[in-house]
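As structure tokens, the structure follows; a few thoughts come after it.
First chain written, first letter: the chains are A, B, C, D, E, F, G and H, and each begins at residue 1.
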Amino acid sequence: MKIINHDIDREKRCGVPEIIYGEGKTEADLSVVVKEFLSSSGRAIITRVDEEKAKRIIEATNKKKYIINHNRKGRVLVIKKKERKTKNIGVVGILCAGTSDTKIAEEARAIAEELGCKVLREYDVGIAGIHRVFPAIQRLKKARAYIVAAGMEGALPSVVAGLVKAPVIAVPTSVGYGTSEKGKTALNTMLNSCTPLAVVNIDNGYGAAIIAYKILSTQKTKK
Amino acid sequence: MKIINHDIDREKRCGVPEIIYGEGKTEADLSVVVKEFLSSSGRAIITRVDEEKAKRIIEATNKKKYIINHNRKGRVLVIKKKERKTKNIGVVGILCAGTSDTKIAEEARAIAEELGCKVLREYDVGIAGIHRVFPAIQRLKKARAYIVAAGMEGALPSVVAGLVKAPVIAVPTSVGYGTSEKGKTALNTMLNSCTPLAVVNIDNGYGAAIIAYKILSTQKTKK
Amino acid sequence: MKIINHDIDREKRCGVPEIIYGEGKTEADLSVVVKEFLSSSGRAIITRVDEEKAKRIIEATNKKKYIINHNRKGRVLVIKKKERKTKNIGVVGILCAGTSDTKIAEEARAIAEELGCKVLREYDVGIAGIHRVFPAIQRLKKARAYIVAAGMEGALPSVVAGLVKAPVIAVPTSVGYGTSEKGKTALNTMLNSCTPLAVVNIDNGYGAAIIAYKILSTQKTKK
Amino acid sequence: MKIINHDIDREKRCGVPEIIYGEGKTEADLSVVVKEFLSSSGRAIITRVDEEKAKRIIEATNKKKYIINHNRKGRVLVIKKKERKTKNIGVVGILCAGTSDTKIAEEARAIAEELGCKVLREYDVGIAGIHRVFPAIQRLKKARAYIVAAGMEGALPSVVAGLVKAPVIAVPTSVGYGTSEKGKTALNTMLNSCTPLAVVNIDNGYGAAIIAYKILSTQKTKK
Amino acid sequence: MKIINHDIDREKRCGVPEIIYGEGKTEADLSVVVKEFLSSSGRAIITRVDEEKAKRIIEATNKKKYIINHNRKGRVLVIKKKERKTKNIGVVGILCAGTSDTKIAEEARAIAEELGCKVLREYDVGIAGIHRVFPAIQRLKKARAYIVAAGMEGALPSVVAGLVKAPVIAVPTSVGYGTSEKGKTALNTMLNSCTPLAVVNIDNGYGAAIIAYKILSTQKTKK
Amino acid sequence: MKIINHDIDREKRCGVPEIIYGEGKTEADLSVVVKEFLSSSGRAIITRVDEEKAKRIIEATNKKKYIINHNRKGRVLVIKKKERKTKNIGVVGILCAGTSDTKIAEEARAIAEELGCKVLREYDVGIAGIHRVFPAIQRLKKARAYIVAAGMEGALPSVVAGLVKAPVIAVPTSVGYGTSEKGKTALNTMLNSCTPLAVVNIDNGYGAAIIAYKILSTQKTKK
Amino acid sequence: MKIINHDIDREKRCGVPEIIYGEGKTEADLSVVVKEFLSSSGRAIITRVDEEKAKRIIEATNKKKYIINHNRKGRVLVIKKKERKTKNIGVVGILCAGTSDTKIAEEARAIAEELGCKVLREYDVGIAGIHRVFPAIQRLKKARAYIVAAGMEGALPSVVAGLVKAPVIAVPTSVGYGTSEKGKTALNTMLNSCTPLAVVNIDNGYGAAIIAYKILSTQKTKK
Amino acid sequence: MKIINHDIDREKRCGVPEIIYGEGKTEADLSVVVKEFLSSSGRAIITRVDEEKAKRIIEATNKKKYIINHNRKGRVLVIKKKERKTKNIGVVGILCAGTSDTKIAEEARAIAEELGCKVLREYDVGIAGIHRVFPAIQRLKKARAYIVAAGMEGALPSVVAGLVKAPVIAVPTSVGYGTSEKGKTALNTMLNSCTPLAVVNIDNGYGAAIIAYKILSTQKTKK
């Protein structure tokens, strides 16, 4: 009896493909799913895949047939047919507050790039040294959407949104201790920003990238 | 000694004007601020203004010189110079789950329209009767961004985001009782959606409209 | 001095036998309790038993005398005398939203089947791809009670309850991260559903099965 | 433009009619909705309607044409065509722990009776005087489902479920102070019961009645 | 420079000796403190000491000079001079709801006995089988104070306090999962009991024993 | 049909009478219950009764037949037959930290005195001026149990328990603002005290008095 | 019997006088306490006193003998003997983020000034318009301690502390809605600031002033 | 592309250097950052560095050129050029309640000393034995700021602040179990202290030291 129901046409319906969430899946589980995705759509995107599992999946992949992009810090692995093309849909600026937030920023970057965004980055621009924010913003001025990740007090996205015109997607990270409450403080800071922010779940770099992609691709399809 | 510091050029810097938050301000307070805004930018937009105060501010306004738009349900009052023009920047679809969410949906609508969005609405399409969602989505297909408001279990935005390509801005409302925890349950539902959503604070119709506006106007400026 | 007080006649009093909760018990502890249950009622049902312990208990069991049913995914082990009969009391439909919820759905299935329910399953029918829900519901139409497990935003049970006549038992799972708060978000979503649900504790597949069993067996005894 | 989407065939689809939630609606709002319901289905059921509004709606109703049932304590008002019949579907037992829980128990009773259940009640049987529970259970022995409401420590449903065979629906009430946290303590007690309970939202007497009705009516339709 | 300030005369001042909290202390740390206590008061009482550490401390102890009492389940180790006497101060009844609560009940027992209480126990008398409570209470009727430990829904202390005259000390345990919230649900249940309970911190068997001791010893000193 | 179940022999069973909780009951409700209690046991004790209602109940009472004790600050009203005697069972010391905690301390006093305790009081001895605590403790040295009420940081009971031999019952009060969280901070402080405390619910002066009474009366009955 | 224990020499011991918390006290209560304070120390400082009560206390005060300082916005009333002198102890800078935070900032100012601080203020410098912060900081450069009040996301104190050398005392305010959770979000933001802040309770302008005073006066006494 | 933005002139701007947070960084990461800091400012201060990593970093350091200060208990490692001088800026008193709080107190000490404070310590002076506090305070009377660390009920800072004139910085620690909620109870106790405290995040010894340093150095620069 077949009891599993896949969502095979999500890309057609929503514009974004289904993505494989690697956490808690064994290497064997992942191998099966990767095969299914490669045969049905020619591409498999895995998030939250630890280094060891990624390495073994890569080893088992036919490099002649497939391109492999592995973002170690962001824990994202992309495997796709060589003939698959990605069209450029515009620039996304990604900022983060502290060095520990980089991991989430890179998850966002890996997904956004795979979906066709050009990504410009400015990391470690936390508000403790506010002067660093202004030139960073200046260097990102071509961005048509911003992704800003921050843990602890989570105030960077508010500051950025007070300085730019494009929409700002805020990603709280679980960085911090004590009353940071594993990211809930940063999340609430972002939800209460005076300048409205588009907020996603804690550590959800993937979600931020999808929203950035939707913003840019809606713009593309508009013409 | 002058100790108050206004933010007079926010519109130029961020693309959106500063908006007056009416809650907790007296009619006298509001009258002063409205005058300041009218003289500096030719427009005053007040949110969360109760009917009685709105009425008196309207009565005191010179109708020959100013256009007055009052959205009673959404508690938004706009007063602006007759010569001010609003350019059309595209379509926003607004949906809400229950009749009690309408108030927040209308706040979003009033702000979005004032900023130049054309708004299409579908109200009372909660997931208890899921069949109502499909034709509603169909009627809104021109939207380049969606605002979806829901209280209680807050699941409507997830369902909508699984059916459309444009970005979905989710607004949790404080509708419900017991474990709805004044909107926190709906908020968390939206942050945990399988299909990523751009989430704003509870009852923050204003914030959702600003983000929708930014998405659409970034698109405009792109060409 | 005897200081432990067993509840030996619960099955007679409440219609359901006492079940052994395996978590935190050593293999030695479990072996003793299993023996007690087999000698008093001819059946031992253990939940939350990990694979290694289950294996050793099975090895030590006399296969000539006892039937062994081990649901690995659901971590349920049933050992019972060969002569014990289970009467069929009707159909229960079990659905779950994501692949990670399967574990809990299977716990429910193992218990429900052991108590005499015929179980029909539809897994991985999350609301991100809402179209999958309708045919799944159709295939389960003989069910006289539904068990629906979901983590993250936990909205599937609401959707199902809006489409069927029989009572829906909702099981929140601890699947998710950040604001999923280990299942509390899914739990609250279910408690706030517009269409009323019979909710159980987070990850409590066992409890859902017992309620389904009580619903069906009450129906049975009614004639 | 018509922007409101009613769910007119819920009764046919799910077996239970849509019910009007009276809280926060004005008398005028309610009058309009009541008329709509009477003309479409011949019956309007309003919950959480305060005495004053109920009185005025009753005064405006044609008593020759309509039957009026008003449960003051439970704040439920039913208006329906005289020719409408309710078929008897079986017995529901309703218990509550303290006198302050009666309000919620009566909400459940009013709905359950309107949907065709015969209701037997035992109130004020809190566990501080545990001896009262046993004869009460005895007097309710014909029930094929139980609704048990309790605030404060919320332990009554657990005790009842340890004594009966039929499913127990537990309703936490917001009765208490301090750490009762407006019903959350009672809710959690019920979710953690050793004997599994079908739990609904805090103060949700209406939801408990719907689930009891579904349990009984599924049995009816089964033959 | 001496910077540590010991509380050497607590027993004289408050009637109870300072007790060594073993958690997080190394075996070396404990050895030093045990020596200090033995030389100053002739007795060392350690709580939360794991089996391995306890074993090594015992091995290093001079059995000719000292009595050693080790409650493995309760993780309490007492070492004291052979000439030390404990006077009998009366009976304490200890009950617990489930087998997993035994650990905390035994911590209470070990401390209470060391301080001179005679302890009578009744374990595994949870309210799911309420009939077991009555004979257990009967067997404990000489108790002048009760300690009742329970996790999950935590309702046993309420039931006991409704049946006895002596004060009941309630100990919530961290037993459970999901919404048990590591004992907070049991704690809140106990604080909201209709029959007032003397509540201590989660898993605080030691604290319960101290309060029981104070109740009994105050009685003693009264004559 | 009689559906209310009174607990008429609680005093005989548990040593303490059932007490009427006045909050949320109308004057009419209270009058009925008072009459029932006077006729069955010759005494009615009402807590949380506001001044206006108390006044009217007193006016309606036959002063020739009944003694009336009304503690306005503590909101407790006692009405009892003149022939009823209260035997003296010993001394309870009551302390509170701030002037706002007096209300709860007086509730405890009124109940304790009615049950036969002699009460000695020391109010406004908060730890901000720690020197005040020592002479206060000295003046209360005859107490065989202490009730200590405190809001805000709630640290007074810990300090007292470090200075006396008799058991200390700690009552957190809802006094404070911001992070006092209506008494939860004081409650948690008390549960985490280094010197164990017998803690009751927030603002539960009544519960503290019952426990003090049980401690003293158990001592009495012991001889 | 005298049961109230005043703390008459707190000023001598801790350097700061006891201050009267006006909330919840009646005008009559306040009059008595004011008189006591005037006769013992020649000064009464009341916080959280509403306008109506303040007015009546002022009317009843002998203006020939006493100086009256009433900060309406900050709800602080000071009455003191004309001969009382306040020595200048240095400059405190007070900033706040939004107009709604002014109330708390003014409470801090009134207390700080009464204790001898010279106060410089910069209000409405929220981080949505970050450019406003720099000149404000510049104008306050003589401050030897800063008090920074902010509600909603509460990020202003972090930004200020990244720009100045003197210690920053952060006051979260209860301004905001939804997930601002009445100031808890701002509080947590401040506790998690990358640049360490001295944080006080929500809306505790008074506490911030006391700490600023202690910092400055310790400096004074140092020479 | 350079995407990391360091804050190289924080010491000049805010008076305190940037400090390296060691938690979660690998030994390799730390080595790189230490080198950068040594070459730019001649000093590297690392907090939360575990013993093993510290040991290896020390081994790799040129002892002829650098001074190494390693506070094992406080997990702080300082490496700096021999020619660097630290000027004495005054006395800080550090107290802590229990032996488990020492770790955090030592973190504060290591940082404060490195920044030029002379530190006097009094450890293990918890309020269970309140008499120990008075002589400890006496021995610290030269302090111009106090740092007081406490876990569990967290009441020590309140008691200290009621006895001294200099500002008290309160550090809640995560010591405790059950309702200590990993330090949140101690934190809330401190925020609600009757005598105002300057509170920092849970376990934030580093932050407390920075604030103490700022208080003392502002005083220094004042002359």
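Here is the rule we use: contacts are C-beta pairs under 8 Å (C-beta built on N, C-alpha and C of every residue); 3 or more make two chains touch, one makes a residue touch a chain.
Values in this document were obtained by computation on a predicted structure and should not be read as measured data.
Among the remaining chains, those touching subunit A as well as subunit E are C, H. Counting hops only between chains that touch, subunit C reaches subunit G in a minimum of 2. A centroid comparison over C-alpha atoms places E as the chain most distant from subunit B.
Distance between chain centres (mean CA atoms), subunit F to subunit H: 45 Å. If you average the Cα atoms of subunit E and of subunit G, the two centres end up 46 Å apart.
Centres computed as Cα averages put subunit F at a distance of 36 Å from subunit G. Averaged C-alpha coordinates put the centre of subunit E at 27 Å from the centre of subunit F. Shared interface positions of subunit D, i.e. residues touching 2 or more other chains, are given as 10, 13, 126, 128-129, 161-163, 178-180, 184, 187, 191-192, 195, 201-202, 204. Interfaces, counted as pairs of touching chains, are A-B, A-C, A-G, A-H, B-C, B-D, B-G, C-D, C-E, D-E, D-F, E-F, E-H, F-G, F-H, G-H.
Interface residues of subunit C facing subunit D in the complex, by the touch rule stated above, are 10, 13-15, 90, 144-145, 161-167, 169, 187, 191-192, 195-202, 204, 206-208, 210-211, 214-215, 217-219, 221-222.
For subunit C in complex with subunit A, the touching residues are 99-100, 121-126, 128-129, 132, 136, 177-180. The part of subunit C that touches subunit E in the complex is made up of residues 1, 3-7, 10, 13, 23-24, 172, 174, 182-184, 187, 201-204. Contact residues of subunit A toward subunit G in the complex are 97-98, 126-130, 133, 152-155, 158-159, 161-163, 176, 178-181, 184-195.
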